[in-house]
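For clarity, chains are labelled A, B, C and D in written order, and residue numbers in each chain start from 1.
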């Protein structure tokens, strides 16, 4: 057995084993729990960086487990999975730090961190999945491991949100399962190869394959919150802030978007999809979602709900970029937005959590003058918000630039139009917040001031948003450097031969 | 021939004789009954493991009782499906034995009426051991009349066990259960008479080659099937199952739901797909499939509407049994391995998951003193291990990967789509979603943190009550990952397989 | 030939009669008796099966053995069912309810 | 309420006429009977069953009666399980209740006593004869056991013998004796001949008689215990942790 093969299970186990130990630990052993969490996260990052380096230099990471004929579990490290895995593991470290600060003193922490670790395991599993069945396995497990996190507060409201989340997610999973089985009966078991299936199937099963494509997209679209399937996401805001950050930036929504990328690039392959002619449908749904999410975000007063609708809108940039699969620039824009959106959105959620946890602020109307009380938090928030709007030199600008270029190259003016309108709407719903925070006057006392110490808030709550905000600017500023996300996405696109 | 050598088929009797002797001793002796039962359960597991090993080495075997060859003598047969069912029974049986010990000790120590509980425990062991012997006998037997006797052993032991709790509701349910079993057995016996009248043979191997398509044999098959369906509780005939399973003591519910219904189903399946293969028409298969589909949906809807945890779990059994019958129309008769693998995975997965669920329900009942679903708030904090077990077992019931239930559902979906009978696939998927609803309806209750919450001071549950549930749940979950093992056992000596997978097994 | 057929038909008839009674009567004792009648029917058919017309030789002992086994099983089940029925009557006051109902009916009919 | 009304209606209708569902059921059952009857009618009578096979192997079985040969030799395994069924019924019955025991002295008339005195020994004799005869004519363990059981019932009815008052241990030994001996002999044969219940040919007759006698005693006891309807007074386990006071709470 060679090390390449065992690296992938090791990556999964590096958070799975701490998770299991944390479950077994009694509630009051918080120091040991913290150590375990952080060690696991750091070990995972190191292992994933080893994998990234290996992939760059052409090593082949793959491990298979055959269950029954035709059902095979396959973990496979390719550049695309490395992108998602790296993003998840880095953000996970930060979220863990944040969560430790956030949940200090609240009950049931061992459960929370146990499921938290299982959840990262499953997300990395989605990244490393090498065929549809493995993807399905981790996709369903993701629902199961995030559910306890969503209902962590244990209130009736959170239960309702959890129930809706389950219904949406499992219905999506069921559709996905059906589509996977149907696809396998037509084209047989296939791995994610980067080329898709043989075009000869299109001659014989064109309609069926097109229908299956739609079903697959519906299946992953539930988690990616494509428009008619987005209902669970705003409700899931009742969860604690680290969980929201995780759902939006890393795990659930991204898993859906990542699924769309996998289906388009690996399962079907660009050429087949162009032949089938179903991509305009995906582009249309993505565009509608972008506009709808932005418009709904405008109407929200609750900060987290506004951010949630913003997520719905922003994630569809990824789908939009992928749906223009014949334009490499658009694909680059979509893929790189997977990373960039994660960085920006996690910053915003960290900041929202800080406001709620420190001053009890949940509504935008309560935010007047908050920047004077919490300058660092609001600075990070501003960076994230400006990134969302797409102001250079943040990473948001890079994504939109490439998407626009791709649209132009294809001669699709409507893409540019949508980007412009959506940026305008983004500005409409983010700038008022910034103006209120920086230039508004504090009206009365804060709703529920919970913390008064040396810094503006607890140290562990402050560090993560500042780090992510720094990355948002840095990754945008040095986008052309050798090791930026953009460079890696270019490497991916070269590998797919677009 | 030396009966004790490695290749001797005589080893086959050990899973029958060991629990039988244990049952007699448990009744005869007053003390150390648990030790005897535990020893028998462990020995049974070892014996079954040995049989599996033997099967893998030497292929299927026949053991002629008393040395008399068929058609006159009775034959036992060990082959892939039989050994897998034995394994299922042995593993679940060991878990039940341990759990029952914890259950009775807890009740004797913590509740009033200790004498009554001691009495229940005193009769539980012999009944359970003899039931185990009967089940093992059923899975191994190759004689159509001997199968009737094993069915009766199971029926009487199961009905007595079901009445053990002494509550009026359970006794009424048990009385009905006994009558239904008896009716089923009698119908089966009438079928046997018809069969014997037209063929003059009782041995299944010979029957397989002598079956000619005549009205007598068809009537025999119909009668036997109706009798077995009644015992398996397929939907229009399921009325007796929920009250019986829900009102019994928790270890008994585990036995009834996890094992007993599988016995009659196994026999039914064997008759349809090995013995009377030529008589089976597509319309008959579709009829069974339709009943199965109705069972899935009806059982799941009823499970969603229940107010008590154990009743919910019992209705889920009705629903899950439907999947076994959906396999009927999806079977292409020439590829028996495919059908068997579907049924075996569904049955194994369900046995493990359902025993875990009933064990959890029992633990919750002991902890709270009731099992009303709406009052289950906050159980997670006081019973973390059972709640975890409940979640994992629920995953298996929903058929999510990587559980054994998933493998079963995957096979069902694949064969329904390859044979272009997509409507079954829709039923299967809907069934899983409904299962999700009823599983999580309870699960979410466990997670509620009540407002006036404080850790209850009631005595902690014994680990014997918690760990068997978790272990069974984990087995049901990871059986899917080890799916190639059951496949290998199933395929041993099955010639059809070499044609299906020419490249050899994974 | 005719004899065996006669026995078989009688057995079948008994089976059907038992089944009918089992379905329509709610009293436990009647149900138990009905099942007993049914099993007698089955045994009768079985015994008839054992009879072989002269050219084929002796009676067939195997159904006889089967009937013996069947009778024993039937006895055990009947005993157990009777005991269960007694227990049910004792522990739940179903019987009481039934009597109350019967007492009420004449009143109603008088009105 | 609804069910109550329904049952009231049923009670009213009792003895008058059948309602629609019952008529439908009757019709369906008639159809079923007709179909099955036709099948039996048309069934060819050409199979000889297992008559020839039994006749061929009769000599090796160690007994002369073909039925006994089938019951205890060729298909002895069936009988082994069937004895277990009987025992199971007793365990089930014992698990349900304690045997009703009035606790009063017997109050039997002289005629009754005379009959019992006359009949019981006779019945024991008949039972023994039936078991003995089983090897060559009709008869055997079940018939003998049935007579023994009848004797037991007679004793119970006259209240001369209180089964519940008998100490539990001897009773249990008696009940288990037959089945256990059966299993032991089966395993003994396994060691001797390599087959479960494969009697050595010369010892077959003796072993079968032994089994039959033991089983007859156990079956007789079984039937009598079933009639007694519950477990004896002192059949309860040695308590691990005697909690007498808790019982007193229950029954002040």
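Everything that follows uses one rule, which is that a residue touches a chain if its C-beta (ideal position, glycine included) is under 8 Å from a C-beta of that chain, and two chains touch if they have at least 3 such contacts.
Note that the coordinates shown come from a computational prediction; the quantities given were computed from them, not determined experimentally.
Among the pairs B-C and C-D, the greater number of C-beta contacts is found at C-D. Relative to the centroid of every protein C-alpha atom shown, the closest chain centre, again from C-alpha atoms, is found for B. Computed from the mean C-alpha positions, the centre of chain B lies at a distance of 28 Å from the centre of chain D. Rounded to whole angstrom, the centroid-to-centroid distance between chain C and chain D, based on C-alpha atoms, equals 17 Å. Between chain A and chain D, the centres computed from C-alpha atoms are 70 Å apart. For chain B, the set of residues that touch two or more other chains comprises 72, 145, 149, 152, 156, 159-160, 163, 171, 196-197, 202. For chain A, residues touching at least two other chains: there are none.
In chain C, 15, 19, 45, 49, 62-63, 69, 73, 76-77, 80, 84, 87 are the positions where the chain touches two or more neighbouring chains simultaneously.
A complete list of chain pairs in contact reads A-B, B-C, B-D, C-D. Per the touch definition, chain B reaches chain D in the complex via residues 1-3, 8, 10, 13, 17, 20-21, 23-24, 27-28, 30-31, 33, 64-68, 71-74, 105, 108-109, 112-115, 118-124, 126-127, 130, 133-134, 137, 145-146, 149-150, 152-153, 156-157, 159-160, 163-164, 171, 194, 196-202, 214-216, 219.
Within the complex, the chain D residues that touch chain C are 4, 7-8, 10-12, 18, 22, 25-26, 29-30, 32-33, 36-37, 40-41, 45, 48-52, 54-55, 66-67, 69-71, 75, 78-79, 82, 85-86, 88-89, 92-93, 96-97, 142, 223, 226-227, 229-230. Contact residues of chain C toward chain B in the complex are 15, 19, 22, 28, 31-32, 35, 38-39, 42, 45-46, 49, 62-63, 66, 69-70, 73, 76-77, 80-81, 84-85, 87-88, 91-92, 94.
Residues of chain D that touch chain B in their complex: 35-36, 39-40, 42-44, 47-50, 53-54, 57, 70, 73-78, 81-82, 84-85, 87-89, 91-92, 94-96, 169, 172-173, 175-176, 179-180, 183, 186-187, 189-191, 193-199, 235-241, 243, 246-247, 249-250. Remark: chain A residues 23, 65-71, 73, 107-108, 111, 133, 136-137, 140-141, 144, 147-148, 151, 153-156, 159, 162-163, 166-167, 170-171, 173-175, 177-178, 181-182, 184-185 touch chain B in the complex.
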